[in-house]
Structures are given as C-alpha cells and as structure tokens.
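The two complexes that follow have chain A in common; it is paired with chain B in the first and with chain C in the second.
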Partner chain A sequence: MKIAFKHLSKYFGKVKAVDNLNLEVGDGEFVALLGPSGCGKTTILLMIAGIYKPTKGLIYFDQRVVNNVLPKDRKIGMVFQSYALYPHMAVFDNIAYPLKLKKVHRKETKERVQRVADMMGIGELLDRKPAQLSGGQQQRVALARALIKEPEILLLDEPLSNLDARLRIMMRSELKRLQKDLGITTVFVTHDQLEALTMADRVAVVNLGCFQQFSTPDELYNHPKNLFVAGFIGSPPINFINVSLEKSDGRFLLKSRDLEIPLPKELGSKAGNNSTSSEVVLGIRPEHILINEKEGIDTEIYVVEPLGREILVSAKLGDSMIKVLTSPPFKANMGDRVRLSFNLDKIMLFDKKTEKSLLLDKD
Partner chain B sequence: MTLRQKLRPALAYLALIVPSALILLGFLWLFITSFSTRTEGLRSLGWTWRNWSFLWESPFGPHYPSIWWVTLNTLVMSLIMTLIVVAVSSMTAYALSRMKFAGRKSFLSLTLILHAFPSVTLLIPIYFVLLWVSKIPVIGRGVPLLGGLGYNTIGGVALVMVAFQLPFGIWVMKGFFDNISWDMERSALIDGASRFKVWWQIMMPNIKPGIAALSIFSFITAWNAYLIPLTFTAGRAGKSAVLSLYLQNFISESVMTEWNAVAAVGLFQLIPVVIFFLFTQQALLNIYGGGKKGGV
Partner chain C sequence: MKKKGQTGEGELPLPISSKAKNRTFSRLQGRLAPYAFLAPALIVVTLFFFIPLVMVFILSFTNLDMTNFGILEWWRPANWSLDNYVKIFTNRFFPKILGNTLIYVALTLAFFNVGMALVIALITTHINRQAGFAFRALWLLPRITPVVVYIMMWKALSGPAPMGIINNFLGVLGIGRGEYLLNTHPWVFVILVNGFIGASFGMILFSSAIEAIPKDYTTASKVDGATTWQTIRYVILPMIKWPLLFVTTYQTLSLLTSFEQIMLLTDGGPRLYQTEVWALTAYHRALTSYFGNTQWGYGSAWAVALVVIGIIMAIIYLRVFKFGELVEEPKIDRL
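On to the complex of A and B.
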C-alpha cells in the first residue's frame, strides 16, 4: 500500500510539531524517518497510525484519504519503542489479541499465532509472561503481534534502541530481510543514522518538524541538500570550514586565513551562480582528505586515534580541527606537521546564510 | 559485626515494637474484657460467655433486629459502596487520565475541593434530598435487602457514602492510570480494541493494586462509618441499623454501660475487617510486576 502526505501539519497548542510535510512512500518500500530527538518523527508515525489527527493536510493510503479512519480500521501493525506488551497476558495472548478482537476462530488463532511465533523464533515462549523475557525476545513478541494481522503497513518506532549493541546489529539485518520477504510497506523511525542508512530504501531526514531531505542513503551521504543533513549524516562527522568564495582571473577560489583552494571551473561557476554572498561553508568528509608530507595545507597533528580498520587523525588548522580518516600504517605523531589535500571531486559547498548546498541544481 | 552495626537494626526494631505493643495492648484488653465479668486492668476477675450472648439473643428485646440482620445490613452497605466507588472512580479516572475534553481541568479541581469539603455541613441538605427520594415509588423504599435509596434505607446510606468517597477514589485511580504507558493503550487501539475494551481488557488488569487499595479503603470506611448511618437512618436499633449504631445501643445515659458487652460487640465488628484485610493485603503489597523490562 502506498502512503502519501499532502501539506501535513500537526500543532500542539502553539508548538508546530510537524509543519507542512509532503511525502510519498511507494508500495513495499522501506522508509526511515531520521532525526534528532524531539524533531517530530514519532508524531508523524502516530499520525499514520491514526492515534493523532493532523491539524492540517491529508494522509492518503493508496488513493483513499484516511484522516478520519480509526486506527483499528487502517490495517497497520506497529511496534513501539517500549514494545508496549500487555504485561498481564502471556506471550500467546499478546500475539493473539488482535485476532481475539476480530473474533477469529480459536483453532485458526492458534495456528496463526504458532506460525508467526515460529517465524520470529519465539515459538517456545508462548506460555511465558512478558516480564520473563529478555529485551530481544520482547521485541520479537511485539513484532509478531504487529504482523499477525497481516497488515498492509508496518510502523516501527525506534524498534532497536532498547537492544544491546550486538543484538541490534543482528536485528538490523533480520528486520531488513523480513521486510523484503513480506513486502510490507514499512515506515521506521530512528535517531540512529547507521540504522536508517543500512536498513531503509529511502531516508527522510527530519528536523524541527520539516523534511530536510528525502532520498536514498547514497544521495543523502554524497549529495546532501543542506548543512543540517551534511552534518547529521556521517560518522565521524563531516568537517565544516568557513571560507569566502572569491573570483580572480576568471577562476573561483575558496579562501580563508589558513587556506586557499582554487576550484575546478565547473564547480566554481556552479557555486558562484547559486551563492547569495561570498560567505560559504566548505564541507569535506574525513575520508576525502589525503595526508602527505609534500603538498597541501600545512597543519599540525593534534591527536591520532586508531580505529582498527582505519586511523582517525585530528589536525589543527588555525582555530578549527580537521578530522581525517586514513588507512594504516600511519607513522606521524602528535605535534608533527603534515600537509592535507582535499579531494576536489568530493567537496561540498553551502551558502552560509541559507544553509543550502551550492552544488545542486536549483529545483 | 561492630557494636554500631548491631545497634542500628536493634534501634529500628525498638522503634517498631514500642508503638505496635501499645496498639496490641488495646486489643488484648478488648479480648480479655469481652470474656470477663469484670476486669482490673488486663486482669480478668472471672471468665464468662455472657457478654457474647448477643449472638443468639437480642439484648434489647425480641422486637429489635438481631445482630445477624445488622451485620447483613452492614455487609450489604459496605459491598454496595465499595462496588460503586470502584466502578465509578475507575471509569471517571480513566477518562480524566486519558481523554481530552472541555472542563477536564475544572472537573479535577472540583473533585479535589469536594474531597476537602467538610461533609458535616452537608448533612441537613442531604437529609432533605433523601426524604425526597423516599417519595419515588419502588426505588425510594421498596427494594428488598437494600430497603431502597431513600431516607432510612441501607441503599440511601450507601449512596451518600459513595458520594463522599468518590472524589478520593477518583484521585487514587487517576494516579494509577497515569502511571500506565500511553504506548500500551495506543498499541491496543491499533490492535483493534475499542476505548471500552482498552479500559476493561488492558488498563484495568494493570491497575489491580490500585483497585485492591481502593476496595480495602472503601470497605473499611463503610464498615466503620458512624456519622452518616446515624444521621440517615431512624432509630439506633431499627431495621436499617448497621453495626456501629448497634454498638451505640449499649452506651446510654439512663442505664449503666456494660463495657464488657461493648467490648464483645466491638470485637465482633472488628473480625470481618481483619479477615478482609488479610485477604487483600497481598494484592496491596504485591505491586504487579510489569512486562516492561528493558522498556521505558
């Protein structure tokens, strides 16, 4: 089932939790809503579920407007961050509850519960109470309860955040696989960029109740639309350097007190056309900087952090710190002077005032 | 173990034992007195069953109701009040805790004011209300066992007690509902439950300790009630008498008070409360283990 928002807004009193959203989720697509806590992503999810009514705008399931459809009639399954299991019921009754409310026959209920429980690997635990289960098992019960109705839309609210690190990585791949196998349209809320990027087909980055960007993980990482997305996506985070965009002899230059980078012709003219002033933020990801001894910007090594597969080097450039990812072996020590050169194909430029990318075609 | 480590629990026990002993001493006196002809302090001056004779013959003459009838009255009144208080407060509290509606805040503050309101000032107006209710056919005074809901009926007294108990009940229950996560309720709504089913199948089983606490509280309040039954029933040993009024019959100005009989009836009134408490305290103390391990 397809989901679409048209100018969707939700206000709590004067607070605009969600403001004028437009979005389309395709049939069978796995979409993540990614954003810092308090950005409105759970509010969006609860509006899809029908728990909150939108203040303005429309929600479509396929061609149908569902604003006034009750949660129980929306054919959705939802897994909450707290799992929201019913503590007074055994696992079987928890999973069977949606069927019980639909007055499904006892025998059929039994079969269906057993089937979905086996699929989730909790077939042995049906007699237990939720309090007797581990976090990972509780999550599987919650998932089984959401899936037993055979919903057309699956909503997941931070489903992995209460699991320990190892289990989280395991469930990440299991959830992704399960979603593809069942082909259920899934909307998934998270504040963890790694979860969003690894699991979702497309990611909507949300901040302050607005979509910042809605695109594939690859687009998000390599062509962020604005400063917020560039800064939010990526770990270790992108380096931002305040520079001025200047023109001399028909070529564009990025200049600050500590550096001067001539831009390739195409890049420079694009940035020059799009910018509203000469104040520009240069963004460069740590893995797109090369460390060498001969050419580039002169810096001093502040600290070296080996991460195993890679080495994270922090270098001091004027007042700011530049993070560089480089592969071992790396010999220089703290205090040594090194030179950095930026991969100009990978740099990003943002207007300092509007915070928008200068390198994307205007839409 | 050092002396200091030994001293701490010893002091704690001392602080618990002394006041408990004082209370127990009172009960001990009650027990000894009820089986004695006379007592001197805790010493019995002769044992007897006579004080308990009210169990098989009315001490005030045959045309007065027997103790068993009075006990039944008290039981009916207490049960009715407990049932209504728990049912009404849990529904009201659910709405107040979970739903948005106009006047919600003022309703809440109003119940709080009512809770603090001195009930004595309302006795006379309520008397007139009950008199008026008595005039309604059947409901007024034609119901078996209850008598009805009007003046001088068990039902009427229970109704007034319910009114006085509700504000407290609503606040207690609201506190318990407030502690249940919204997610559980939302989950049930998505699973297909109606609001009523959410309340009955999901919320109520999870506030069992609250229901138990309020039941115990209401039952004991009703069982021990004195002022309201006294005001709204006619005659201390009438057809609608409850135990507390029955007890008062023994204390009169014209005849020497038989303290030994008073002790026996007092003890008799106490027994059901103790039994009730023994059964329910487990529910009260055993705060239901939630299924939210690892949850928020």
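On to the complex of A and C.
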C-alpha cells in the first residue's frame, strides 16, 4: 500500500510537532524517518496509525484519504519503542491479541501464532510472561504481534534502541531481510543514522517537524540539500569551514585566512550562480581529504586516533579542527606538520545565510 | 570490638562503678525511647479501641442491660453464656435482617461503590483532562457534606408532590401519584444515598490507577484493532486488578458496618424492619429501645457476629482474587 502526506501538520497547543509535511512512500518501500529527539517522528507514526488526528492536511493510503478512518480499520502493525507488551498476558496471548479482537477461530489462531512465532524464532517462549524475556526476545514478540494480522503497513518506532550493540547489528540485517521477504510497506523511525542508512530504501531526514531531505541513503550522504543534513549524516561528522567565494581572472576561488582553493570551472560557476552572497560554508567529509607531506594546506596534527580499520587524524587549521580519515600505516605524530589536500570532486558548498547547498540545480 | 579506653567519646576514664551505671542508663534510655514516641498513639488506641473491643466481646456473652446495670458482675465468667447468640439466630426477624443486609451490601457495592465508581473513572479518564477532574471533584461533594445535611437534602428531594423535587419531575412524566417516596420506595433511596457517597472512594482510586497505565499499552491495543470497549476489557481492567480487589474488600467491610445514613433516613422503616440492616440492629438493641430498656449485652452479640461475618468475607475475597498471585507479580514493568 502507498502512503502519502499532503501538507500534513500536527500541533499540540502551541507546539508544532509536525509542520507542513509532504511525502510519498511507495508500495513495499522501506522508508526511515531520521531525526534528533523530539523532532516529531513518533507523532508522524501515530498519525499514520490513526491515533492522532492531523491538525491540517491529508493522509492518503493509496488513493483513499484516511484522516477519519479508525485505527482498527487501517490494517497497520506497529512496534513501539517500549514494545508495549501487555504484562498480564503470556507471549501467546500477546501475539494472538489482534486475532482475538477479530474473533478469529481458536484453531486458526493457534496455527497462525505458531507460524509467526517460529518465523521470529520465539516458538519456545509462548507460555512465558513478557517480564521473563530478554530485550531481544521482547522485541521479537512485539514484531510477531505486529505481523500476525498480516498488515499492509508496518510502523516501527525505534525498535532497536533498547538492544545491546551486537544484537542491534544482527537485528538490523534481519529486519531488512524480513521486510524485503514480506514486501510490506514499512516506515521505520530512528535517531541512529547508521540504522537509517543501512536499512532503508529511502531516508527522510526530519528536524523541527519539517522534512530536510527525502532521498536514497547514497544521495543523502553525497549530495545533502542543506547544512543540517550534511552535518547530521556521517560519522565522524563532516568538516565545515567558513570561506568566501571570490572571482579572479574568470575563475572562482574559495578563500579564507588559512587557505585558498581554486574551484574547477563547472563547480565554480554553479556555486557562483546559486550563491546570494560571497559568504559560503565549505563541507568536506573526513575520508575525502588526503594527508601527505608534499602538497596542500599546511597544518599541524592535534591528535591521532586509531580506529582499527582506519585512523582518525585531527589537524589544526587556524581556529578550527579538521578531521581526516586515513588508512594505516600512518607515521606522523602529535605536533608534526602535515599537508592536507581536498578531493575537489567531493567538496560541498552551502550558502551561509540560507544554509542551502549551492551545488544542486535550482528547483 | 571496642578497645580499652575507647568506650566513651574520648572522656577521661571514669571509676568502674560510675561508668557501668552510666552505660546501663544510656542503654535503658535507648531502649525506652521508641516506646516513649509510641506511647500517645498506644494509649489512645488501647483506651478507645482495644479495651472497648474486648469489653464488647465479653459483654456479648452477658445479659447486661439497663435494669441490671451495677448489679450484674459482667466480668465474671460465671455470668457468661451463649444465650444472646441463640437469641439472635432464633429471632423472628433474623432472616429479614440478614436478607436486608445482603441486599444492601450487594446492591450498593455492585451498582455504586464498585460499578458506578469504575464507570465514572473510565469516563472521566477518557474525556478532556480538566473536565474529568472537575467532574470527579463535584462527585466528592456528598462525602464532604455533613451527613445530617446530606440526609435532610435527600428527604427534601423525595418529599411528596407539591414540594418534593423528584416528584415534580415524575409528575411531568406522568409517573406515580406524588407520594412520599421514602415511604413507597425506601430501598431505592437507602442504596442511592449510600452509593453516591461510596462511589467517590473507588472513583478516585480507579481513575488514578487508570491514569498511571503507560499510554503505549492503550495505543498499542487500538493499533492492534481494539475498540474502546475491548481496550477497557482486555487491557485496562486487568491492569487495575489490584485497586479493584482493594476497593471491593474495603467497601464490603465498611458497608457491612455502616448504618448512620440509614438511621437518619428511614431508621429501619418505614414498615417494621423494612430497611433494618445488621449494624443498625446492633445499634438499636444496644443503645435505643422503645421502653427505655437498652440491652447492652444483646446488642454486643449482634456487633460481634457482624465482625465475624466481615472477617469471613475478607478471606473469601482474598481467595477469589488470588491475592497471593497479585502480590507476587512485579509491580514495575521490566523492559
């Protein structure tokens, strides 16, 4: 089933939890809502589920407006951040609850519970109470309860945030596989960018109740639309350097007290066309900086952090710190002077005032 | 173990005898201090609760009354017998009084103290918060009104046609002939009068228990496809099992022993023993009599029998609600 929002808003009194959202989720698509805490992610999910009524705007399931459809008529399965397993019911009754409400026959219920429990690998736990389960088991029970009524839309509200790191990585791939096997349209809420980027077909970055960007993980990482998305996505985070965009001899230059970078022709003219002033922010990801002794910007190494597969080098450039990811072996030490050169194909430029990217075509 | 010379707070070593005396004194003081703090409460409880209880228990085996007061040595076992109890159970009106008590307790409990309380709690927690709160506050009014004023109000409400407010409404609807409703339907009023007060206790407990249920459970239930009624039935009610048990038990016991509203409203009437309940009988026998002859011993026997009934009821409730399981269950959700 397709989901679409048209100018969707939800206000709680004066708080604008969700503000004028537009979004389309394709049939069978796995979409992640990614954003910091309190940005309205849960509110969006609860509006899809029909628990909250939108203050303004429309929600479509396929071609149908569902604003006034009751939650029970929406064919939605949902996993809550707290799992919300009913503590007085055994695992079997928890999973069977949606069927019991629909008065499904006893025998059929039993078969279906067993089938979905086996699929989730909790077939042996059916007579336990939720309090007697580990976090990972509880999460599977919650997922089984969401899946048993064969929903057309699956909503997952930070389902992995209560698990330990190892289990989280395991469940990440399992969930992704499950979603593809079942082909259920899925909206997944998280504030962990790694989860969003690794699992989802498309990621919607949300901040302050507004979408910042809605695109594929690759697009999000390499062509962020604005400063917030560029800064939010990526770990270690992107480097931002305040520079001014200047023109000399028909070529564009990025200039600051400590550096001067001539821009390739195409890049420069695009940035020059889009910019409203000469003040721009240069963004460059740590892995797109080359560290060497011969050419580039002269800096001093502040600290070196080996991460195993890679080495994170912090270098001092004027007042700011530049993070560089390089591969071992890396011999220089703290205090040594090195040179940095930026991969010009990968740099990003943002307007300092509007915070928008200068490299995207205007729409 | 204390080393020698470290006994005091670094004071000079005292001669043995004086040191020992000092120590005994402070030890005694330490031991008595808790009792000193408990004493006021202990004295009050003993004087006004425990001693009367024992006295009532003893009196119930004697035939102490107005006529032999000061003559009968009621504290002597020789004067004790089971006559009073035999008298209770062979009383011509015993079945009537027992039946009245059962009707009074069961109906008030079911319709008001638990039933209405639950309904109000559910409604006021499902509507706008402020409105719910305001409604519950209003419902507390009968409880904080002096009982005599409250009963006078009901008497006025149920008065005959030109004055009685209820009769005015019934008249418009063409029901009844405008009689004094307390005379024609005393039981309805006995239950209403007690129920309106009694419901507020359960209402407060239930509504705070319902509000304490994490929102996610009810939200999950709705997404799972439940109607409001199904959510109440399968999620909310099981989660407030504990307050339900408590209110049911507590209110049964307090209804069994309450009689002041009935006394003020109908005093057991209007027809002979029509609304006379057990606790009221005990009061009537012991403290009032048509001939000025108050039978303290006999009245005490009624009271003691009522206490025994109450204890039996409490034990039955604990069994029915599987109290043991309730206390075992963890009260916090471990997630």
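Note that in this section the second predicted complex is superposed on the first by the 363 of 363 C-alpha atoms of A that agree within 3 Å, B and C clash if a C-alpha of one lies under 4 Å from a C-alpha of the other, contacts with A are read in each partner's own complex, and residues count from 1 in each chain.
One rule holds in what follows: a residue touches a chain if its C-beta (ideal position, glycine included) is under 8 Å from a C-beta of that chain, and two chains touch if they have at least 3 such contacts.
Everything numeric here is computed off the predicted structure, so don't read it as measured data.
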item	value
Clash-or-fit label for the pair chain B, chain C on chain A	clash
Partner chain(s) touched by A:Lys10 [first = chain B, second = chain C, both, neither]	neither
Touching partner for A:Arg202 - first (chain B), second (chain C), both, neither	neither
Partner chain(s) touched by A:Lys323 [first = chain B, second = chain C, both, neither]	neither
Partner chain(s) touched by A:Tyr97 [first = chain B, second = chain C, both, neither]	both
Touching partner for A:Asn162 - first (chain B), second (chain C), both, neither	both
First, second, both or neither for A:Ser134, with chain B first and chain C second	first
Touching partner for A:His288 - first (chain B), second (chain C), both, neither	neither
Touching both chain C and chain B, counted on chain A across the two superposed complexes	46, 49-51, 71-72, 76-78, 80-84, 86-88, 97-98, 101-102, 130-131, 135, 138, 145, 149, 162
Of chain A, residues touching chain B in the complex	46, 49-51, 70-72, 74, 76-78, 80-88, 97-98, 101-102, 129-131, 133-135, 138, 145, 149, 162
Residue ranges of chain C touching chain A (in the complex, touch as defined)	214, 216-217, 219-227, 230, 234-235, 238-239, 241, 330, 333-335
Interface residues, chain B side, partner chain A - complex	181, 183-184, 186-194, 197, 202, 205-206, 288-296
Partner chain C, residues of chain A touching it in the complex	46, 49-51, 71-72, 76-78, 80-84, 86-89, 97-98, 100-102, 130-131, 135, 138, 145, 149, 155, 162
